[in-house]
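Let me begin by presenting the structure, written as structure tokens, before commenting on it.
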Amino acid sequence: MGAHFQSWMVDLKAEFGHEDITSRVAGLVADSGVTTGAVTVGMAGSTGAITTIEYESGALQDLRRAIDGIAPANDDYAHNARWGDGNGFSHVRSALLRTSLSIPVVEGKLYLGTWQQVVVINFDNRPRKREVGAVVFGE
Amino acid sequence: MGAHFQSWMVDLKAEFGHEDITSRVAGLVADSGVTTGAVTVGMAGSTGAITTIEYESGALQDLRRAIDGIAPANDDYAHNARWGDGNGFSHVRSALLRTSLSIPVVEGKLYLGTWQQVVVINFDNRPRKREVGAVVFGE
Amino acid sequence: MGAHFQSWMVDLKAEFGHEDITSRVAGLVADSGVTTGAVTVGMAGSTGAITTIEYESGALQDLRRAIDGIAPANDDYAHNARWGDGNGFSHVRSALLRTSLSIPVVEGKLYLGTWQQVVVINFDNRPRKREVGAVVFGE
């Protein structure tokens, strides 16, 4: 039984910059030697998110539209009135979608579907270099 | 300290088929002998979700209505335009609700409220036999 | 490798009572001696949530407004029609936002951004004393 950490810097565009990090997380799992356990993936920051989705442009565009409907970028936000940084919508989106997730590790592999990828999203109103980290544990 | 995995096949109806899997996850925890730790429950697939809710028909109906409002089934989706499979709304719902969760294990039991169940939901536009798995770890 | 549990009682106001529990969770991690691992934080109950957000009044107010839009408190709910307790909106909000999360533990610290706090929210239509617990595991 052990726990292994790795982190990566990811360059992301503003508002809905996204990247598929599945192969990086899978690589950490493979290198760790863990066969049964789980991996917890997290992002350090309050204006992004980590979730799973079929990583193809259509589904991503659809997700973006749904999130725009929940917290429009061009609306008024109390956060903006107070801090003037214009990313109030980013904080709301991040709190709703969340910045971390855990996935079972089974037979040394991520327990995901074939068309299911781990994706990091930047909701901020400017491009961000995001640090994403993962810990795998188990035996 | 150890890690124990179990999976189950669950038959779910189209669009909002749901099943309470609390007793199965609790059974895995009990069999594992883990008294302090956590369990990570996941679904292999990108058109479903796992969350917790009071598993009674009213709350489920209310949840379904809220999700229908966020990503209506009969709307236009870029995913559908590209792939023609008609389940664009399912992908959006899945990415928003997520396909996995972790729950603390305390004194050998799931750390949940009395009226709180672990539920797997199928958002796909056709009935699906879903594989759901859980790993419990701790000591 | 070990697993350590701690719980706290948190007094929360009705509808959107919130509290920052970051320092409590960080204290558990520090006391545990775990340097690489993860912490799973959960709430026992089906009418609240745990997420991360920049804990300042503007962002919290913005989050509340977005959630009010998804599941308005003064709408009709099937749960209310059946049980008469008036908290149908609370159940929907809880199922959407979720009651638990996991965060990597790296170099003995929570893997979070500077402006990112762990927050417990009560969505119920009455004040609630909530039990929140966390398990940290790793080595």
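Should a chain be cited, it is by its letter among A, B and C, assigned in written order, with residues numbered from 1 in that chain.
Everything below uses one rule, namely that contacts are C-beta pairs under 8 Å (C-beta built on N, C-alpha and C of every residue); 3 or more make two chains touch, one makes a residue touch a chain.
Predicted, not measured: the structure shown is a model, and the values here were computed from it.
Peer 1: Looking at where chain A touches chain C, is over half of the residue numbers used by both copies, so same, or under half, so different?
Peer 2: Different, since most residue numbers here occur in only one copy.
Peer 1: Between copies chain A and chain B, what's the superposition rotation on C-alpha atoms, in steps of 5 degrees?
Peer 2: So the angle, rounded to a multiple of 5, is 120 degrees.
Peer 1: Could you work out how far the Cα centre of chain A sits from that of chain C, in whole Å?
Peer 2: 19
Peer 1: In chain A, what residues contact two or more other chains?
Peer 2: In chain A, 1, 40, 70, 96, 98, 101-102, 137 touch at least two other chains.
Peer 1: Where on chain B is chain A touching in the complex?
Peer 2: Against chain A, chain B makes touches at 1-5, 7, 40-46, 70-71, 77-83, 88-89, 91-92, 94-96, 98-102, 133-135, 137.
Peer 1: So in the complex, the part of chain B that touches chain C is made up of which residues?
Peer 2: Within the complex, chain B touches chain C at residues 1, 36-38, 40, 51-54, 56-59, 61-63, 66-67, 69-70, 96-98, 101-106, 111-113, 115-116, 119, 137-139.
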